[in-house]
Amino acid sequence: MKKNKLWGAGATMLLAIALVVSGCGAKNDNNGGGSASNDSASNGSAGGSEESGIIKDIKDRGKLIVGVKYDTKLFGLKDTASGNVEGFDIDISKAIAKKIFGDESKIELKEVTSKTRIQMLDNGDIDLIVATMTITDERKKQVDFSDVYFKAGQSLLVKQGSPITGLKDITKDSKVLGVKGATSIKNIEDKVPGLRVMQFENYQEAFAALKAGKGDTLTTDNAILYGMAKQDPGYTVVGGTFTDEPYGIAAKKGNTDLVALVNETLKEMKDSGEYATIYEKWIGEKPPTE
Amino acid sequence: MLDFSVLTNNIDDYLEGFKYTIYASLLGLAGSFVLGTLIAVFRISPFAALRGFGTAYVEFFRNIPLLLVVFLFYYGLSSFGLQLDGFTSGTLGLMVYTSSFIAEAIRAGIQSVPAGQMEAARSTGLTYVQAMRFIILPQAVRIVIPPISNQFLNLVKNSSILGVFAGLDLMYFGDQVNLDTYDAVSTYLFVGMFYLILTFPLAYATRVLERRMANAA
Amino acid sequence: MDFGGAYSWHNLRFILEGFGYTLKLAFVAIILSFVLGVASGVIRYARIPVLSAIVGAIVETLRNLPLLLLILFAYIALPQMGIKLSIFWASVLALTAFEAAMISEIVRSGLASVHKGLIEAARSSGLTYIQTLRHIILPIGLRRMVPPTVSQFISLLKDTSLAVIISAPELMHNVGIVRGQQESYFFPVIFLAALLYFLVNYGLSLLSKRLEVNEGARRKPTGKKAGPGAGTKAAAEA
């Protein structure tokens, strides 16, 4: 407690100073100190000795900390009755914990949103992101991805009876809803020039906005949309998929050992049929064959 | 630490957001002043029903978070078929929320004018409204200007709530820039800089007004 | 509207858990921001060379930025500068930085409102500057600051709702999750959230009003009505 408060006080001063510097000292371009310490920090985590350290750190800690969604039915949804978070991503995370500890309960789940997850990973708050995260080249610069563990594609969710039946009905004046930090925003804005997607903090908010009539359609990966349609049968997924969204599990850049372990877990799960079981349990159909 | 290319590469986003922040602030300012004055008049009116309404209004909106007020406008009204976008809901929320503080400031200002003055004015034959208009309000205005300008300062800062409702303000576009650049430090420091461009002059004006009031008193 | 479903016992428990987090967050931030706010306010009033100017610049900057920005900065940007805080402590840091700056201003202008003649009289009667500060200015000034400071605490409690943006499991966050279960839950859960905030804040504001009345009664004989103190009070309410 005491140490944390000191941290707080120290950080307050730093924050304040940083803001003052930006506000008043625009001409001050000597930020050597800041960048130097940043460099050494990133070198440290990417260094050879660290690579084998992450799994040892996790084992020493006694639990794996995974960032998951709390608001996404089928993948990661908080159930207020049981107090648990449940979904496909959760079951995959548990399998990884089981691989490390031989016990799937040695896991701590933390809530992430599309907006916060990469920074939480960098921060060291979480060891892995298992949160409906699409593998992209852009993100590969930020994090290390596992093999694909789920194949999604972007689609559209509309109210039953909506005139929108697919991407062809979307114009630049359509009111399209999405989530900050999701790849789906850029995808659809590229496909429909001039379109500006209205973006919310998380899927919960975006779906609430759709239900409140704030938009004509909500766009993101079909898997997430199916969860919403299941939650409220007044809504339906239309038009098939118009992108490929391969989901990957992300680890902090340089944690290659952890990524290898995740890949091994995924392979074992597929070989043993456990993957298919989990897939069917949540998605309601057999996983597509490779 | 501070990467100016974040600013230069995304200047369009920043300026777009800055524009809407200014719009929301100006609209919120005008709306909350009008609404606040009206509620203040209710609060001190001779009619119990109006006083009751004014009191309920002030106490309700002053004691719940702005986030909840905007929620009511954004989601609540759509249940009754009134569809408002994030910018409009956010701006209306700002107006209503801020007006409760402004009403309180104005009421306190009016009541700080000694009651004897109202009685004296009425006895010279002025009506209640005339007495208010020519005797009480001119004196009260001087007292309430500093606290009101402080409320406007708060309003500008609070306009950042629009970002949560896709309200296209600085905060909203700040998030967009951060997701493009992954340089949160530079992104948000520049967002802060834009807010300071608006708030520093306001804060300075408030300080000057407060000082002037203190000297006059 | 479906009050029965929305208020099922596990939903209520979950929402109250969120409220507990809100109260915890507010409590820690109130203590820290009060200490830092009073200290920095006194430093600014005392016009200590260099130190007062530095503290003043920090306070003025923090006070003029949106809290929402500070919360995001504390949680998303500080880690990039090597300062890593949990969701709770990032929220505490941002709230404390912002509210301490607001309280600092209340304290500074409260002290500045102490009549100059009184200070001169004290000095001419042989008290040193420190003694005057300690025995004359602080007791009078601090008494005037109580109502606006309580108002600031009310603001702080409301402001904790902004931590929802970094997924802090506070009241608004948990209310959001329950509301997601069914569209008809919107009004019931929003009503409950408003009621919880209202009860605590209204209680605090009644307390503040009582303190104000006492203060007013004490001040009346001097014939001074709404001086700068009134401005300070309204300034605090955000």
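By written order: A, B and C. Residues from 1 in each chain.
By our rule, a contact is a pair of C-beta atoms (placed from the backbone, for glycine too) under 8 Å apart; a residue touches a chain by one contact, two chains touch by 3 or more.
Note that this is a predicted model, so its numbers are computed, not measured.
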{"item": "Topology of the chain contact graph, where touching chains are joined (line, ring, star, complete, other)", "value": "complete"}
{"item": "Result of counting contacting C-beta pairs for A-B and B-C, higher pair", "value": "B-C"}
{"item": "Whole-Å separation of chain centres (CA-atom averages), chain A against chain B", "value": "36"}
{"item": "Approximate Å spacing (C-alpha centroids) for the pair chain B, chain C", "value": "18"}
{"item": "Of all residues in chain A, the ones touching two or more other chains", "value": "18-19, 23, 34, 38, 119, 201, 205, 208"}
{"item": "Touching two or more other chains - residues of chain B", "value": "1, 75, 79, 164, 184-185, 189, 192, 196"}
{"item": "Junction residues of chain C, two or more chains touched", "value": "61, 65, 73, 76, 80-81, 164-165, 186"}
{"item": "Chain B to chain C touching residues, read off their complex", "value": "1, 59-60, 62-68, 71-72, 75-76, 79, 101, 104-105, 108-109, 112, 114, 143-144, 146-148, 150-151, 153-154, 157-161, 163-164, 171, 174, 178, 183-185, 187-189, 191-192, 195-196, 199-200, 203, 206, 210, 213-214, 217"}
{"item": "In the complex, chain C residues that touch chain A", "value": "8, 10-11, 13-14, 32, 36, 57-58, 61-62, 65, 70, 73-76, 78-86, 89, 92-94, 96-97, 100, 164-167, 169, 174, 176-181, 183, 186"}
{"item": "Chain C partner contacts - residues on chain A that touch it in the complex", "value": "4-5, 7-9, 11-20, 23-24, 34, 37-38, 41, 70-71, 78, 80-81, 83, 111-113, 116, 119, 122-125, 201-202, 204-205, 207-208, 211, 231-232"}
{"item": "Of all residues in chain B, those that touch chain A in their complex", "value": "1-2, 74-75, 78-79, 83, 85-86, 164-166, 172, 175-176, 179, 182, 184-185, 189-190, 192-193, 196"}
{"item": "Contact footprint of chain B on chain A as seen in their complex", "value": "18-19, 21-23, 31, 34-35, 38, 115, 118-119, 142, 177, 180-181, 198-201, 205, 208-209, 212-214"}
